[in-house]
């Protein structure tokens, strides 16, 4: 062995050791990040779990014609006017004849949700044959009942510390003994809009609001950003003006998002008198915000297209336009799409600018178009997190899960699209 | 492009190979020149031993030709010489063929000398033979000089001098023929003398060929079978 | 004659030797025969600048009809730049400025009336690295005819594609997989595909920028064979780093050095006895 080999061998151990240490550091970092993510997700999932389950009380309801003041031939309008509340209350009274005091009666009536009568009404309207019958119907329970059943409120706590008083607890237990309380998957959560009552509050309004907003954002920012990126990369002359634009696009990406909200408020709502709280304005504002992201991503994707491809097309006598749209753009598309999805995901999770344009309002109705007032998922999270009722705690976590689900779906779509376009050749 | 040098290639190995081959060529030239001188000496000084030596040594020259030939082939295969390098290799291959022939002619003279010595023959034409041989030797050694220096101008001058050799040979040959007809009993010996003179004339022609290769090497023009005066006008 | 004197001689010539830079600086006029009869492309006093750097100095060169002319020279000598002047590929570089007369069939290609797109349809180009489009083999060849509207219907286009692939000597190899991607072919096949693509536009001149430098010897030999076939119908200008290649495929050779056209001549002559010292040094590999 010569001297050099000896020296190399001497240092070898140290080098491999360094490598090992570095690898270990990397693994630890990844493990750390992963652990936190897992912790967060587990926490949210555990908290959100009850939100997907709904407590219902099964009551024997007397839907006789005289009780409702209806007959089988009644028109829908008449059914709408009928007094379903009385039906529910009489059923409750019948089951618990001991409850006599006015105050206690109130407790009794609040076993079922405030929305139960509407639930019953919709059921009867859909199915008029029920009129004149006596049938057992499952009604949505009040959030307090829900909490007791799910165990969020501890029955063994001292009465003074308990939200649900002894009387109500005994009523609930009475129902439980009769097997009248059941749990089922909470469809309401996905099918209704926001509500003051936790047991009635749903996320559909926010989902639709988010979808409309993202749609507007996508339709506005994608074409504009791609056009801008292509122009800047392929057609723009190299001069100071263009340099200035480039610098400003990069700066724009770093502007705090709330500033865009202010801009939206001042320009679109105050100046152009566009509707408040609407996905239209929200989408416009968010597309302003995502534009720089998509432009920067698209430009680097276009830059990454090998010049040989452009030369090949130009050498055949293709015009600049043909070169760009036949060859450069398709080749850059996977990168452009990735950038777009990243921008969209960013927009989906954005709250601050939307607060400024009034999308933070309490809106019960599910938006039907981009002009309707609505809210979006992250703001729904924000609103619920702010509410005092216990039942909203789990809803908040559930909404976060839905939001994360959306982001995962979007990323999956992005990966799928990229693979598809790349796979082409 | 009159300044040729075969150094300064990016590849030093290539430089060395070309230099080796050139040295070998010049060495072969030196050997052939010596052979010729010795064969003439052997004849004029009745030195049989020397004649034997010359005959023996011709084998060495033949071997040298083969060796240089092979080296040239290898350079062509390995280096794909172009321009002046290509011309150099081409000229070397051509030169060694002519040098080898000169060697053969020298051997012939030595063989004739041996025969004449064994017969104890001598005549008055040895003097003109010596003169002719001096011209040929001078031409050959000048040619080898200009080959070493890559001097095309000198090569042209030497090539022109071949006419004198031809003239001298013609004269000597006429004399020998006259002698033959007068002394038919010596015919066997005078024929040998005539052969030797013919060998000298041939050596002169080979020398001229070498001069032409030198001109090709330096000027890049093939001047074989051209009139010397036109060559001079066109290329110099 | 001994080796001693020979070495002295060599030393003597060495002392007389000028440096390459000196010879280049002294060079004024192109040596040899830059002009020819039956001209296809004629260039006179061409200067090319990249911003303030001059890349080409006063080049005048004729390119004859149906001839193969090779441009050789060390890296950075401007041969590629000159080649790219011929179909105005340099237009894509903003800072590049071309002056002088460049005429294709007697019309100035840098005049205002000359459309670069039209010019590039007449003067095709094949690049150093095979650069097929990421499309099928068929679409690669059909692209040019499609954008120029050369064929009336699908049948005509099919015929043109087949014909072009045949001329490029590729049809037999790919006829069963015309719809598979062009990028899936081997390097040599890709380059022939690029040539087929160029031929499909039916240009008059084909420029080739080191077309075989990225290929193995067999693929190179096929390309060279193809070039000599094509020279029957096309005028071909080829830039190459391989002198053997230039010697094999071209009829004329032009030697560039640091932006100057040093020598032009018959290929046979250039490779046996070049007239200029720089050419000699380049060809024999004596370059610093």
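So that you can tell them apart, the chains are marked A, B and C in the order they are listed, and the count of residues begins at 1 in each.
Keep in mind that, in the parts below, contacts are C-beta pairs under 8 Å (C-beta built on N, C-alpha and C of every residue); 3 or more make two chains touch, one makes a residue touch a chain.
In this text the structure is predicted, and so the values were computed from the model without any measurement.
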Central chain (by mean CA position): C
Chain at maximum distance from chain C, centres defined as averaged CA atoms: A
Centre-of-Cα separation between chain C and chain A, whole angstrom: 61
Chain B and chain C: spacing of chain centres that average the CA atoms, whole Å: 47
Averaged-CA centre spacing for the pair chain B and chain A, given as whole angstrom: 103
Chain C contact footprint on chain A (complex, rising order): 237-238, 306, 308-319, 322, 326-327, 330-331, 424-425
Touching residues on chain C, where the partner in the complex is chain A: 87, 89, 92, 94, 117-121, 124-127, 129, 131-135, 143-144, 147-148, 181, 183-184, 194, 197-198, 201
Chain B contact footprint on chain C (complex, rising order): 1-3, 5-6, 9-10, 13-14, 16-17, 243-244, 247, 270-277, 279-281, 283-288
Residues of chain B that touch chain C when the two form their complex: 1, 3-11, 14, 22-23, 26-27, 29-30, 80-87, 141, 144-145, 147-150, 219-221
